[in-house]
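First subunit A sits with subunit B, and in the next complex the same chain sits with subunit C.
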Partner chain A sequence: MLKFVARRLGVMVLTALALTFVVFYLTNLPPNLEKLARTEGSVRMTDQAVASWIENNGHGGSVFGRYAQWLGVAPGWVLTDDKGVTRGRCIRAGTDPAAASSYCGVLQGEWGFSTVFKKPVLESVLQKLGSTGWLMLWVMIVMVPTSLLMGVLSGMREGSRTDRGLSIIAIATTATPEYVSGVILVAVFASVTAGVSPILHEWGWISTKTLFLGTATSAMDNITFWNFALPVLTIALYGIGYIARMTRASMTEVMVQQYIRTARLKGVRFRDVVMRHALRNALIAPFTVIMLQFPWLLNGVVITEALFNYKGFGWTLVQAAGNNDIDLLLGCSVVAVLVVLVTQLISDIGYVFLNPRIRLA
Partner chain B sequence: MTDTTWDASKPILEIENLSISFFTRMREIPAVMDFSCSVMAGESMGLVGESGCGKSTVALAVLRDLGKNGRIVSGTIKFKGRDLTHMGDEELRHIRGSEIAMIYQEPMASLNPAMKIGAQLAEVPMIHQGMAKEDAWKLARQIIADVRLPDPDRILHAYPHQLSGGQQQRIVIAMALMSKPALLILDEPTTALDVTVEAGIVDLVKDLGTKYGTSMLFISHNLGLILDVCDRLCVMYSGEAVETGNVIEVFDKMRHPYTQALFRSIPLPGADKNTHPLVAIPGNFPLPHERPPGCNFGPRCDYFKDGLCNAAEVPMFPVPGDDRHATRCFRWTEIDWEAPMTLKASKPKTPIGKVVLKMEDLKKYYSVSSGGFGSGTTKVVKANETLSFEAREGETLAIVGESGCGKSTFAKVLMGLETATSGSILLFDENVQSTPIQQRNTDTVSSVQMVFQNPFDTLNPSMNVGRQIIRALEIFKQGKSDEERHARMLELLDLVKLPRAFAERMPRQLSGGQKQRVGIARAFAGGAKVVVADEPVSALDVSVQAAVTDLLMDIQRENKTTLLFISHDLSIVRYLSDRVMVMYLGHVVEMGTTDQVFQPPYHPYTEALLSAVPIADTKVIRKRIVLEGDIPSAMNPPPGCPFQTRCRWKSLVPGGLCDVEMPPVKMLEGGHQVKCHLSDNVLATMEPVIKVAAE
Partner chain C sequence: MDETTLLSWGQIIARILQQFLPVWIALIVTFILSIRYKRKLGLYGKLFDSPVGMVGLLLVLFWVYTAFFADMIITMDPIAQFGRVKNPPPGTPLVDPKDGQYAYFLLGADHLARDVFSRVVMGARRVLMIAPAATTFAFMVGVTLGLPAGYFGGKLDTALSFAANLVLAFPVILLFYLLVTPEIRVTGIPTYLAAVLFIFPVIFFCTLFNSRFFTSPPKRNLYVGLTLVIGLWAYSGLAFNMDPLGVWSMDPNLLNVFVSVVFVNSPTVFRIVRGIVMDLKARDYVAAGQTRGESAWYIMLWEILPNARGPLIVDFCLRIGYTTILLGTLGFFGLGVSPESPDWGSTIDDGRKLLSLYLHPAITPALALMSLVLGLNLLADGLREESLKD
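The block that comes next holds the complex of A and B.
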């Protein structure tokens, strides 16, 4: 088991290096750097000035060298300009160049400085990731049990009325994108003029103007049912349908297996046939899908966070991309890569536990 | 859970006039009609018939597990006097697994892959007797020991995939025995297993039946097995029981034309492709919704009489004087049952010509790496070891062995799907051992062709039959124009005795035997000189097997084809082959003419193999040699002789030579080769395994 995990970790590191390099390469393409030079320096810089700005700010040289510096495995650039001021990747303005360490990259915890938020990248990314983490946690808490229950219930008796009913719900929710379901939810539950809120308010059942809050900004500090239910539901609805369909397919397949017949003809109660014999085998496929939902959620929250004005990871990503904030963008991608790889590791390990046929060498 | 109020002199299971139908959107499909049988306490009842005759449906009806579409239309199933057909779910559940247990065809599929063996076994007494978990596991351990599995503690905590097929089947049997049921239903319990493993399982089932006094309903298509296991049998045809009675009486004094035809179509000792050819049953099995009026077997019956057999439904007639013997035939008193079978004209023996295929010291090793990322060790699987033989024009060479013995690898190397590790293959004086099929020229490819085991998967489902044959002709560059190829295709259909109209049919419209004929036609499209037939009839029903085998023999006679017949079925090998090669773990352990191999002296493995094959003839006396354990893995073969782990003659070799040294090839009289350390004196003392008692 340890050997397996160690091997997987090795593969993960390689994958992470490859992926971050791709992102690094794309964000550091010459046009991006030019744009950066013009925003940092002056918009009316001559092409020559832009070139020298790029050179002087450590963006020149080979892309591999710069990647190594960013990573922290090569010494950061140090330049002394004609005025005798020594600047460098690792030298903060106003500090003694001699005292600065020569390596400062992601590995040393130096993730760079965000030009949008005017604070270190690591700090802002972690803070935003925390916010999104809460959102994801609640989405998972709502989505996973609901969808598994729906999938198992409809899959255990294929073609029954329960199956048909649940299938319709699952297909409907998964066919509705978040920007549609989000808007519908807001309109129905969080609008002063439409949906149920005005009626409830008129009857005096709710003291506030709307039943739910249409914005989740307040949830950044204090999560309550009323400010968080709608964004959670918006994201969860789509996933519920998807996972429920996967579970149903897997469950129907398992229910016609011969070992289910064996269990039935052993005299096992139908409930126990489902719970003890079918469930574990049926969960193998959906488990992988559920673990794949984490990276999907990380990016899927972009729309929902924008819609409900919740300043999380997705929102940050949009800001970084929109403002050509290279360091922030890189930071976000590192986090995304790590989340993907870690969840996949968990998924693989869990898969082994669910499916004893997979042997670990 | 034994019912003390039950009178043991009455039948345990009594099925009366049972009819079962499956309901589809289109129509009602009757699967079983008017079926009656009874099983007494401690008795074992065999249900025999070809696929689709409804034998499994009867078994599932007893357990009331017919699925959503199946329904019992009429009749009763009484178990210990209680009517199962009108029982509620809860009541049924108490009977299933506790009083009636079932053993299934495919052990791997019938065990839950995600549950430990112990948990699956212990569940039974926990449900039915409310036994505590520890006691249930203890009982499970004891029953595992009862089904003669080694190391019960390890097996309790193992998952199904960690056991071999034979071990899995023993577990399924153990599971059925956990609550000492009164009735055991066995649905083709050994069909998926090798013959030597089958012999062990059959012995086990018989012993346990006697030990626990369990009644059995034994479903099989193999008449030999039924003779081995059962006291009584019931022959089914197209949803009806056609003959029932005591096993010995039915085998020796059959009173139904179908039973007779069935016996004549299986190769028994004494049948021979030239002098005593098999008699295939003409025509095809009727589809459930296309059954003829009157007797279902009428259209295929030699004794058919118009106006009688197709006039009314045939009832069962008791055969007086016999033990509960009955037949579903109007004419059973008129037919002269003792009349010898009208022999088909015996055919001349094919002359054996020059050598067309010669293999020398052929080796095929596979390297298997365990674990990815370079950390795993590489293991070598020796699939074929020093294979040397030659095959001549017009000859049938049978290659016999159980799964994993390397017979299919050999076929792949010959065909060019794999290349040999070392050694040489001379095909028409051309070395082909290291030429993969992509680099062989069309002539070589079309002259070596293959007939595959499973006709259901080897035809393209979306291309009609004629097109598939024409495609083969195109690939083999036969014929100059499309018209010529079309004409040739029709000739090929004639060759395999299919109506020309079949050219327009899609594979799904054909029966198994017809599909196999198309497969044969395709193999012969390029005028194949050497045909490798990999278990060509083992997926087919017995009555069809005879016809397809005959066809192969006829084509061979006409074209002087060399036939390499790969099979595990020794009965059919004895019937059609000229020479036999017995393989075990990649080695040829014995080779010689059919007579030499089927008579002593044997290689110890051949001896065991011969004794393991059930023979459907009451006059044959067979010595039982049951091999211990499983076939060793080719990845980790035993040192010395490959067969030494299971050999019963090992002690007669002085100095433990079998453990250390690979035996040399010993040449006996007339080119008979045996790879064994046993001395000539010991070999001479071997007795024949199969004796036909004097009549």
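The block that comes next holds the complex of A and C.
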């Protein structure tokens, strides 16, 4: 087991390095740097001034060298200009250049400075991750039990009417991406002109204009059912169908096994067969699927946060990418890549752990 | 505005149904012919035995025919602006229609007074031009790399699988934000990616014909030669925009979007193909082929691939749906497409800003996209069920 985990970790680190390098390369393309120079310096800079700005701010040289500096395995750049002022990657403005450490990269916890939020990247990313954490938590609380229940119910008796009905629902939800379900949910529950809200308002059942709130900005400070239900539902819906279908497939596979038939024949009630014999084995595959859903959820989070104006991690990513905030975008990417890789690792280890039939190769 | 001049919902629906007339005719003809001859049509014919598959096919064909007849269906120019009224509701008459101009906004108009109905119909054409083509390219890449990876295994497999997992570990949205930007076009990265990805169909067909016909050189030379001439001709135009005759070309915006979507999809196809090949290569007919002395590529392309068609066709349908969703996502974030483009993603994005007041500009494309993807998913489900019955 230990050897397996160690090898998986090795591959994971290699993948993380490769991925962050790709992100670094793509965010630090010459046109992006030129744009940065013009926003940080002045818009009317000449091409020559832009080139020297790039050179003087540590964005010159080979991309590998800059990546190593960013990562924190190579000493950060230090430049002394003709006025005798020494500046460098690790030297904060107004501090003694001699006292600064020579390495400062992601590994040392120096994630750079966000040009959009005017704050250190690490601080703003962690803060936004907190908001997104709540969203993810509620999505999981809604999505996992619902989808497992749907999958088990429809896989229990393959081909029955329940199975047909639930399968159609599952297919329908997988066909509805977040930006569609979000729009439909808002139309039905949070529009002043259509859906259920005007009717309820007219009947005097709700005092506000709409049943649910169409934005989740107020959920940043105070999460309530009325401002959080729609975004949570929007993300959860897309995942529910997929997990339910996986659970159904694995459940139908288990239900035709010999030991289920044996249990039925010795007179165990159908309910107990499902609960005690089938469920444990049937839930192994969905576990990995749920874990591998995290990268997809990340996608959904970005769309939903943009749609409902919830200022979390996804919203930050959109802001960073839209405003050419290189350090912030890199920080977001590191977090995203880590989330994906860690969940992959958990799913691999968990699969082996849950399924004793798999011998470690 | 005078309330009485608005069309009622019944009138709107009647007029829309009337606009779609060519689609209804085409659908009825297709279904009558298909049901009549379903026993002779193989897997496609069997689809008409499953209600789920039939509903799926109906939805998909509806949009395919809509895209095809879009010019006849639209009531107004999808990118032109009519009048100064913002967000008029469905059924609003035009302020002063000229002669021969359609007199109503059937499904209303958006904040720039562009006709929603016509935009959605034209959007279908855009989506159905890009999504299946991108999926086909992704399949070419995935199949060409997945076959040898699964068949030979070893170092090749390790390297390719690592690369595939690398792309899969990227959150799609991040990749789009990095790959589909105006800046990146200056660096030429989309062109390099296109140069790599677009060569795979040429390689695929060359090996396909070569492995089959290498015993009779005249035939082989003809097929491989034709593939090379047509393939490289299209390749030069699509990837580098340097077609000497100017037939093949791709808008740089579109190329960027297209390449990114292919790039995101192909690793998944690779993994599926690799898995199927690893399963199938232990079969007796493969061993028989090997004893007969057939070349590895012949076995892969002419023995294993035809036997893997069931799951691949099903995945192809699902993947077109998924690609549609991806294209919508790109449009939703306003990436890569021109702001005037009537594609569904950007129309939803345009409409969502005023969602709580005016629903119609956003909800119509949303429902359109959903119904197309739903149709594709149902179609895939029907195909899976029917192909399992063999």
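Note that the second predicted complex is superposed on the first by the 350 of 361 C-alpha atoms of A that agree within 3 Å, B and C clash if a C-alpha of one lies under 4 Å from a C-alpha of the other, contacts with A are read in each partner's own complex, and residues count from 1 in each chain.
By our rule, a residue touches a chain if its C-beta (ideal position, glycine included) is under 8 Å from a C-beta of that chain, and two chains touch if they have at least 3 such contacts.
Since the model is a prediction, treat every value here as computed from it, not as a measurement.
Contact with neither subunit B nor subunit C is seen for A:78 once the two complexes are overlaid on the shared chain. Contacts of A:259 after superposition on the shared chain: subunit B is touched, whereas subunit C is not. In the superposition on chain A, A:352 makes contact with neither subunit B nor subunit C. Of the two partners subunit B and subunit C, it is C that touches the larger number of subunit A residues.
Of the two partner chains, neither subunit B nor subunit C is touched by A:126. When both complexes are overlaid on chain A, the residue A:149 reaches neither subunit B nor subunit C.
In the superposition on chain A, contact of A:223 is made with neither subunit B nor subunit C. Put simply, subunit A uses residues 11 to touch subunit B in one complex and subunit C in the other.
Those residues of subunit B that touch subunit A in the shared complex are 63, 65, 68, 93-98, 101-102, 104, 106, 109-115, 123-124, 127-128, 159, 161, 172, 175, 370-373, 375-376. Those residues of subunit A lying in contact with subunit B across their complex are 3, 7, 10-11, 159, 257-259, 261-269, 276-277, 280-281, 354-357, 361. Contacts from subunit A toward subunit C in the complex involve residues 11, 15, 18-19, 22-23, 26-27, 29-32, 35, 167-168, 171-172, 174-177, 179-180, 182-184, 186-187, 190-194, 210, 214, 295, 298-299, 302-303, 306-307, 314, 317-318, 321, 329, 332-333, 336-337, 340-341, 344. Within the complex formed with subunit A, the subunit C residues making contact are 52, 162, 165-166, 169-174, 177-179, 181, 183-184, 186-187, 189, 321, 325, 328-329, 332-333, 345, 348-349, 351-352, 355-359, 362-363, 366-367, 369-370, 373-374, 376-378, 381.
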